[in-house]
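Each structure below appears as structure tokens.
Each of the next two complexes has subunit A plus one more chain, namely subunit B in the first and subunit C in the second.
== the complex of A and B ==
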């Protein structure tokens, strides 16, 4: 077996199967829609539900938690520097007098938004580029695969670090764009593989011979058939982009002050982490919990959509 | 076989060349070396500022492509230009730093891959037993943690061990130049523990997931049953036939994971105060040093593609079907 240059970073593409065929029980003549079937399978998994509940609580905490205290994320309380948690400052104060609780939640808000938006954009780029490459083949395919290979050669972190000076003074939406542009490659490969197999299906051939334009076929027949993969991918990418954003912002390459994100929160707290753990541990724990929940939900969702996928054995 | 490797090698060389060029051009467009000389007191005269930038091939008034042409001409001869600050050559600095990073990466990869494969196999063989559940939960948590958090947790644990009467392991620095002889080397080895552990933990959590999944696929296979039927013990059948087959897909992930490991190493170096290539990247982006940034990008690309080549060779070594063609 000779490996083509494209195959080096190949990720096993999930088989395109018909999920409804696996356990289709029709109750008393009432057909179950696909959506309800997936929902039912999702609800059957305790870990997925638990993670979903925790994630909802985290969202509520991030957006409503700040109203529980009168401290704002950029207030300074110089009289209580580095005090521990008490009723005034729920989680204590950092070394310049900022309230850890208010600041962490503010950072969490930004990280959650960036994670969600960037994951959506990432998967969209992957879906468009991958399906166009897979469907058309030939020159377009070679170009897209070549771009994917090139982008995989340099770690996204390095390219984003190089590009970061251009972010100074811009809105965080540019960071989202950059995270997506340098993060879609692996999904793009999987989508391309699926598009290549879907394009040989009878219904795609039928549409083609009826004269449906290629882009309409992609939109109407290819993408809906990959919807499950794409939904799972968005979920998994949320965790990945939150971590990537944290890493970049930690070194000042991501979210720029006065904006706050989990990266800047952890970066400010890290030097004190072993001596004043309360400054660091709350944010760190919250971040790990968020990403953990997202990945557990992603797994549960994948199992619900495609029970034959490997992760059901976990 | 040799032809296969050679073809891959040429392909990799082209990718390294393009990736490095891209990094240089992007860096020239975003970084502003001139800022390093401006705003000083007393101010630097325009003429000498211009001369300094010219000497470093970083004068913004020269078109990017001209600068690129000049730069690539030097790189072919192993000359990466001068650093923006100071009079040092970039290649001198790289010689100093590359070893630091390579030592960390090599140890982290070896411990991570070996540990991950062993734990993955164990998890698959003892599926749903306590050991498997524990390693699954641990790797999920680790994969959800930013490197910073893992580093702080590891440091906290070692501080705690020290307070309980354990040995003191310095958390920052690569060596202590005040020590000599045997003491110097034992101190140096001790300082290696924490950073290596952090990188290995990520490797283990990453590889063990894939190894476990690949191993589960293999466990139900016909050839394992045949191996048992012809009289091999369970252990021999598992290791001679099972693990070897399950390793094949993992080898492909090896190349892909290397980029992640490099990013992890950047944090590790920075937070443990090791003066390696990752720290160089952070510092040179912050100081707008185009030449240094491009050199680090080149180093990274070479490493990623070297790991790609290594995974090709491992692939061929494990799977006879590749060799026969």
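== the complex of A and C ==
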């Protein structure tokens, strides 16, 4: 994240863009709802739409692509080792006789799922921890900030690498948990800052003076008002976690064989990248394309949600 | 009969001030693109400013008054489409490139903005910033420019100008920053000063100071001034001519007395009728203008004011009236019926309907002492520690925000708590609303001491005590539909769902909205409607006491009247008691039964509304009252202001003895040394002045100031 998200997301203010236009008469036609406005602004951005279309295609490919061939990702075709793409093996065969097409798509499935789930978990941790710290302040705040600072100075990759033998044979969901635990800190800090400013809003005061319990205030008033930040954060995190998972798996710390992910596919193919490029190119290309799409969508979403971020101005 | 806008300047009779116009704006239009379609912020405005005169542009938010002046300065964003003509000393400004415009800005035309904090660069000293303005337009050395800056700061009344020139903007108070802005504006002897709501962000006593400075600056440079404001009181005392704007059009243009005494456009009449008057004692309901200003995206056909105008005829609905001659010279109004208004001698009370107030509740005992006390504060203190140090934080002092406040409110009564920002009124109501034991003293709500409450009792008590906030934009959660917002207090008290639903509809009707509105979001409502929703939420549980934290100060005047009337009506109908916190004394005079004036964490004067306004006895109350401009040019010209020197002292460093002595005019001008020693040495308590009236002054003396 290059810009501080706090600057980008001025906490949900009802003013749309022009101060003169906000005082709309209720009876003067049905005003545009916020959701429709965001959708309209998003649809105006060609790059965002294109990326969304490509990403949907990638998902379709990952889940329906394997049905196009009779080869399974763990089949061995000893007769065609290292042959190039043809009608039998769409993308050729690797050095031990596995079908590159089937394997890559299987890996893509896993990476996409891990990326999505881990991004959701990451943002959820950040939202809960950050808003609780920001709303309550005091001792709770100090504790949460201390944990954030601690996690920020710990080398996450190294710890994941060290922990990975202990997780061998366990479900990949553990990997998701670990990726999330080491990935929520920056967003957590931002959420904490927003919670601290939202805490001083009159509507939060009003709720407090009605006697609404603190956790209910957080759930009902704080989190919905940060929704735009959180949504964009999830999107951007998807790209990040896919890369993190791929990196770990590449070095053998993440997804363990016989399970396949983009990381293991690429690490298996890496020695042949220069000699038999077909084994490597497809997977690498798909990975780059996926992450690129996700980040373009994230940008477009941010511009759509926050009109002051520049490019969406009329 | 009608004149087109273009020919206006030529048609002015010979009696007008001589000389060619300094600024000539003709047929100016400004529009912005928006999601909902083009926003036509200014639609064909023409006016002229002659050398040395002051033109006030008055209007509510969204009327285009600021946009039209930003267009003159060439400061509109590039997305704005501007047409028409703006001529300054005969030079066309529209279409001029930025470099040539920059030459003019500052030296020919200069501007004073509303928010002096964001208009000054935080990283340079005030002196440097003024010197920079001088050096851009004049060939002078750095030292000369600095000397000039000090001179200018001195002129606008900054004490110790030589020293203060080296201060940074954050070291200046709001009033001093605005003075510095004025100094910068007059640095190059401009011919025209545009002041965009120059005193809106300031307290009344500071506003009086700044307006005085602005007058002085005008005299020093003999510049013409365009004053943009929504405050008709400021206009009455400051302007030569007034232009009233409504939804992007100028609807009335006339000399100041004409506008105030013989308005010819119903909107102007409505504006004048809807402001509560500090100089009127009678408690009549205000005359609100129904409805809200139209959206600039979808204007109604015909006259834009027609949907809210009680005397609209068919012609008004089809043809938009141009700004035309009236029966009086130098007076133009955009109304088809302006001549009729003149012939029949209509005033606001004739054109608009003055709503009737329900009769007072007869079940309440008429004598105040016989009614129950619903809220009592007894010597309440609240101090915030000032801490220093990054690792080991130690307390180095304390801000005594509330320093011994006592008052009580009885059933069916409104106490107005007034004072300038920083006097501790917000802290006081926060102490009340928290329902916790104060640091010192006692708070008793409906006979129960908050210090002894159990958590469950406290939650129950919240049903009897509710609050309405100042800013209707901030007090409603933008992500919640109105129905849920109104239901929230009832959820907390575990009221069954069906009952909540019925009550929500009931509440919406009670505050003048439709039950169908429950599914809409706050952003779909105008400011006044949002404030009504805030009031409905406060009423949800049939409370006994409502704390009103400046409930109308964020609203436009025409909307404000409706909300004040609503509060008046609800109070009578539901037997409510209000703690009404405000800085606007005219509103307080209208709504309150008793008034408490706060200064630096203490109540300095308390009494019935009549006593406070007719016989103010504390010098601070007198200064406060005299600082408020009256919307009446003749009265305003004959009034003598008591100008307080300096700013509010910091509550972290309260002066010894009487805390007002550092700014007190009585102390400085009328007391001998021995008496001054008393003020400096002895902290005055609230002395009885007869009846309910008490003031914290050793030498209290009634002065008539309104």
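In this section, the second predicted complex is superposed on the first by the 281 of 314 C-alpha atoms of A that agree within 3 Å, B and C clash if a C-alpha of one lies under 4 Å from a C-alpha of the other, contacts with A are read in each partner's own complex, and residues count from 1 in each chain.
Please note the rule applied: contacts are C-beta pairs under 8 Å (C-beta built on N, C-alpha and C of every residue); 3 or more make two chains touch, one makes a residue touch a chain.
What you see is a predicted model, and the numbers here were worked out from it, not measured in a lab.
With both complexes placed on chain A, subunit A has more residues touched by B than by the other of subunit B and subunit C. After overlaying the two complexes on the shared chain, residue contacts for A:201 are found with subunit C alone; subunit B is out of touch. When both complexes are overlaid on chain A, the residue A:181 reaches neither subunit B nor subunit C. When the shared chain is aligned, subunit C comes close enough to touch A:209, but subunit B does not.
Within the superposed three-chain model, A:288 lies in touch with subunit B and out of touch with subunit C [touch as defined at top].
With both structures placed on the common chain, the touch criterion links A:49 to neither subunit B nor subunit C. When the shared chain is aligned, no partner comes close enough to touch A:231: not subunit B, not subunit C. In the superposition on chain A, A:163 makes contact with subunit B only, not with subunit C. Taken together, the two complexes place residues 12, 313-314 of subunit A in contact with subunit B and also with subunit C. For subunit A in complex with subunit C, the residues that touch the partner chain are 12-26, 28-29, 31-34, 37, 40-41, 201-203, 205-207, 209-212, 220-221, 224-225, 227, 313-314.
Taken together, the subunit B residues at the contact with subunit A in this complex read 4, 8, 11, 15-16, 18-19, 22-23, 26-27, 29-32, 127, 136, 140-141, 143-149, 152, 155-156, 159, 171, 213, 216-217, 249, 252, 255-256, 259-260, 262-263, 266-267, 270-271, 281-282, 285-286, 288, 293, 296-297, 300-301, 304-305, 308, 311-312, 315, 319, 321-322, 325. Chain contact summary for the complex, subunit A toward subunit B: residues 1-3, 5, 8-12, 149-150, 152-159, 161-166, 186, 239, 243, 246-247, 250-253, 266-267, 270, 273-274, 277, 280, 284, 287-289, 291-292, 294-296, 310-311, 313-314.
The touching residues of subunit C, counted against subunit A in their complex, run 32-36, 39, 41, 61-62, 64, 67, 79, 291-298, 433, 458-459, 462, 466-467, 469-471, 473-480, 488-489, 491-493, 517, 520-527, 529, 534, 537.
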